[in-house]
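As structure tokens, here come the structures.
First chain A sits with chain B, and in the next complex the same chain sits with chain C.
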Partner chain A sequence: MILLLKATYYEILKIFNRMRTYIGFATVTLLVPMIMYLAHRFGFDVQDQALRALGDSVMFVGTLVNGLLVSYYLMNVLWVHFPFFIVLVGGDIMAGEAAAGTFRVLMTRPITRFQILTSKFIATFFYTAVIVFYLGIVCIGSGVMIVGGGDLFVFDKGILILSQNEALFRFLIAYGLAVVVQMVVAALTFFFSTIASNGIGPIIGTYAVLVVSLILSVIQIDVLDTVRPYLFTTYFDVFFAPFADPIPWREIVQKSLCLGGYIIGFYILSLLVFIRKDILS
Partner chain B sequence: MNQKLLHLSLLIIMALLLGVMTSLESQTLSDPVIILGKVQAPMEAIADYSVTVTVSVAVPNLRMPDKELRLFYQQPDKIHVETDGFAMLPKVGLVPSQINQLLENVKMTLKSTPEQNESGAYIINLQHLEAPSKMTTTIWINPKRWTLDKVLMNVPDIAETVITIQYQKFEGFWLPEAIKVYLNMQQSIPAMQRPSIEYPVGYFGGSSGKEPVSGIITLDFGDYRVNQGIDSKIFE
Partner chain C sequence: MIIQTHNLGKRFGDRWAVKNLNLTVEKGQIFGFLGPNGAGKSTTIRMLLNLIRPSAGCFELLSQRVGSSGKKIYARIGALVEKPDFYLYLTAEKNLEILAALSGCNSRQRIREVLEIVNLQERAQENVRNYSHGMKQRLGIAQALLHDPELVILDEPTSGLDPEGIHEIRELIISLASEREMTILLSSHQLHEVEQVCTHMAIIDNGSMVVQGAVKELLGKTDFYVTEVRIDRPEDAYQLLKTEKWLDDITLDDELLKVHLSADSRPLLAEFLVRHDFRIYSIIPRTSLEDYYLTLLKKRHGR
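Here is the complex of A and B:
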């Protein structure tokens, strides 16, 4: 167990010693405040459109356009765009060692294949959690600083306006669930990384699966209804569930368990491949 | 004889004066401008006030927490609202000067006097001359305390709004204690769904938004501070 923890610690160090690890952090650091500034400078007429039905009877005080609203909309990057930063690191974690030929050296040490793979898997999970929460902190932090705080305006059976404190609590749950979602992507790319012997293959492979799954999930053709429950992307929208009122805990637990199943499934597959793998170079 | 004639003359003059005054009085109360002037007159003594307002919204497909805000008013028509985030307020009845806005570019007609209706109020019709639609407003004036008790705003084929105002006497002034805004809209707020895998940015599902819908906005007023002086800078 101590060996596993030590190995995990060194794997985390290895991840954070690579330049590519910081591409995601740098992009988030630059892009998010820029989007916040643009939202603050030019705004968008969400409230006019949504509350038009109330007509001339009421006047609106304050605005619904604030940092929390922009952060909420920015969560849409978690569908397709943000996974790139996950696969960029996850794709290289096993394949990189294979390509560099360092597995052979590693296996001369008193550490089992199970421990090597598990430590890398935990390190990948750690990176995923850190970058997702970093996105959340930068979004909400820069949003509140640049655009301002306030009530959060969301769609849920019409219009739902959450108080700032309530919204921050919902964001915390949402980003926690986003970690689970992104971890599925990480686990998939980890599995491909275990098979491949270079870092590019897992990135392309994961993205191909992700995009195809998303397309199959989005296209409204009846025959695909039978396929959708088996696509992990079907459960990706779980991170928007905390913004409903009341919070649909049952749905969140069900979808999280499904996503957890995929994570464990990809981990077991990776383990089976790696334990049986001939490491010749 | 002369003294008797003098008394008789005085009696006739007094009767005539009484008749003229009574006639003038009844003429005054049939003039909507004078009636609304009586509503405005007591408010002239209010230079400024601030009040805490709690706003509750009960409109289908619109859920928001109760909102507490601080409303600042200064003569003649300055309003400033301080609140965290977002709130909705009725356009009419919130502060005394808003009755002036109601009277801009309107043709006024007295629809009913207190003797002619069960509510015991002066009912005045306001025909808006510059409104894009055929908007009409009807107001109910309480003749006992000269307050605006009810407003009905009708925009044909779009919405009908009824605003009822309850008052409390504070430092000699009748000021709003509670306002209820009953909204009857021809179009509802669509039942938009939260983002999902099929519709990543949310979508207009369920109700199309074309159905008529009713809702209530309630405002409770408290913690009045009248004529204590408010810095004009906050209205800038």
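Here is the complex of A and C:
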């Protein structure tokens, strides 16, 4: 156990000593405040769209747009765009060692393959959690500072108005669930990384599966109804669930358990591959 | 027994890279592990170090059956397998710190000691990315010694080092065995190095054991003596001798005849040359490991 903890600590240290780890952080740091500034300076199209959807039944005076609303819409990057920063690091965590030949040095130590893989998996989880929460903090922080705070208007199913404090609480839950969603992506890329011997293969492989899976989850064709429950992307919308009223806890737990199953499944597959793998490079 | 393999084998597809290998290394030996490229040396070492799984047989390290003891036994073993690879984006010291922690020793003092042993203490804070191949090689040896192991497995440890570095590593290997009582398994293509350093050796070819034993004993076997002969008219002598059945082989190299024959047959050679009116300047029996090795493999391949 102590060896596993030590190995995990050093895996985290290795992750945060690499340049590629900071690509995601740098992008979020630069891009999100810029979007907030642009939303503040030039307006945010969502207000018009939302009011148009409500037709003539509501007359609204003032502005709906604030930092929380923009942050809410920015959560959509978690579907396809943001996973890039996860696969960039997660895809390299096993394959990178294989390509660099460092497994040879690492595995001549009294540490088991189970411990090596598990420590890397935990480190990947840690990175995923850190970068997802960083996105949340930058979105909400820069949103409130640049665009301004206030009540959050959610228009997905009618109008839901959340006070700023309530909205912040919902964001906290949402980003916690976003970690689970991104961890599925991380676990998938980790599995590919265990098989591959370079860092590019897992990135391409994960994105191919992710995009195809998302398309199949979203397209409304009856014949796909039987396939959809088996696609992990079907449960990806769980991070938007906290913005309903009341919060659908049952749905959140069910979807989280499904996603957790995928995470454990990909971890077990990775373990089975790695334990039998001959280290030749 | 420090290393004992029992009919160890590894198959890649249909090809056996190592087959029925019975290797025995005892405490305190500096054991040379020799063989041509593709003979199965690295595969054997990888099996011993748990990098690849054997397809057949089993082995013991430090008198413990590997598998039953888990990986704890590797806390007593240091290794450098092929080229030394490290985390290039970390300093040498940080690399060693990680490996030390995973080996169950965490002493900064020990890290400094091993860096000093391999003469890298002044560049310990540099990223390994900036290291030359020779420096990485020395760092590779440092990581193998980090946890003060009882058995050190070194695969081509002097590869890429300058002559001074090679000399230092040879001296280090000898001192590790004599002063720290470490057992060393040394895989190398440098026959001269093995001859100078090793007390025992094994030669494998096509994945099978050809011979193993004490270096002195093996080289003392008369069958493998090469006799260097300097005479007048070496070309004529070469033409005459190459048809003779009582010698194993003969080559002419820059007016020097190299005759492969047993020590018992050496008087016959002198007699033969005198009888054919050659003037003999010198007849020198040589028993270098290189001759031994080449002769052995030639015989094995029927050349």
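Going forward, the second predicted complex is superposed on the first by the 262 of 281 C-alpha atoms of A that agree within 3 Å, B and C clash if a C-alpha of one lies under 4 Å from a C-alpha of the other, contacts with A are read in each partner's own complex, and residues count from 1 in each chain.
As a working rule, contacts are C-beta pairs under 8 Å (C-beta built on N, C-alpha and C of every residue); 3 or more make two chains touch, one makes a residue touch a chain.
None of the values given here were measured: they were computed from a predicted structure.
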item	value
Which of chain B and chain C A:Ala244 touches, first, second, both or neither	first
First (chain B), second (chain C), both or neither touched by A:Leu64	first
Partner with the higher number of touched chain A residues, chain C or chain B	B
First (chain B), second (chain C), both or neither touched by A:Val105	second
Touching partner for A:Arg276 - first (chain B), second (chain C), both, neither	second
Doubly contacted chain A residues - partners chain C and chain B	none
Footprint of chain A on chain B - complex, ascending	59-65, 69, 81, 83-91, 135, 153, 155, 158-159, 161, 181, 183, 185, 187-198, 200-202, 206-207, 209, 213, 217
Contacting residues of chain C [partner chain A, same complex]	46, 49-53, 70-75, 77-79, 81-90, 98-99, 101-104, 140, 143
Footprint of chain C on chain A - complex, ascending	3, 6-7, 10, 13-14, 17-19, 100-112, 276, 278-280
Contact footprint of chain B on chain A as seen in their complex	47, 50-51, 53-64, 66, 73, 76, 79, 149-151, 153-164, 166, 214, 217-218, 220, 233-237, 240-241, 243-245
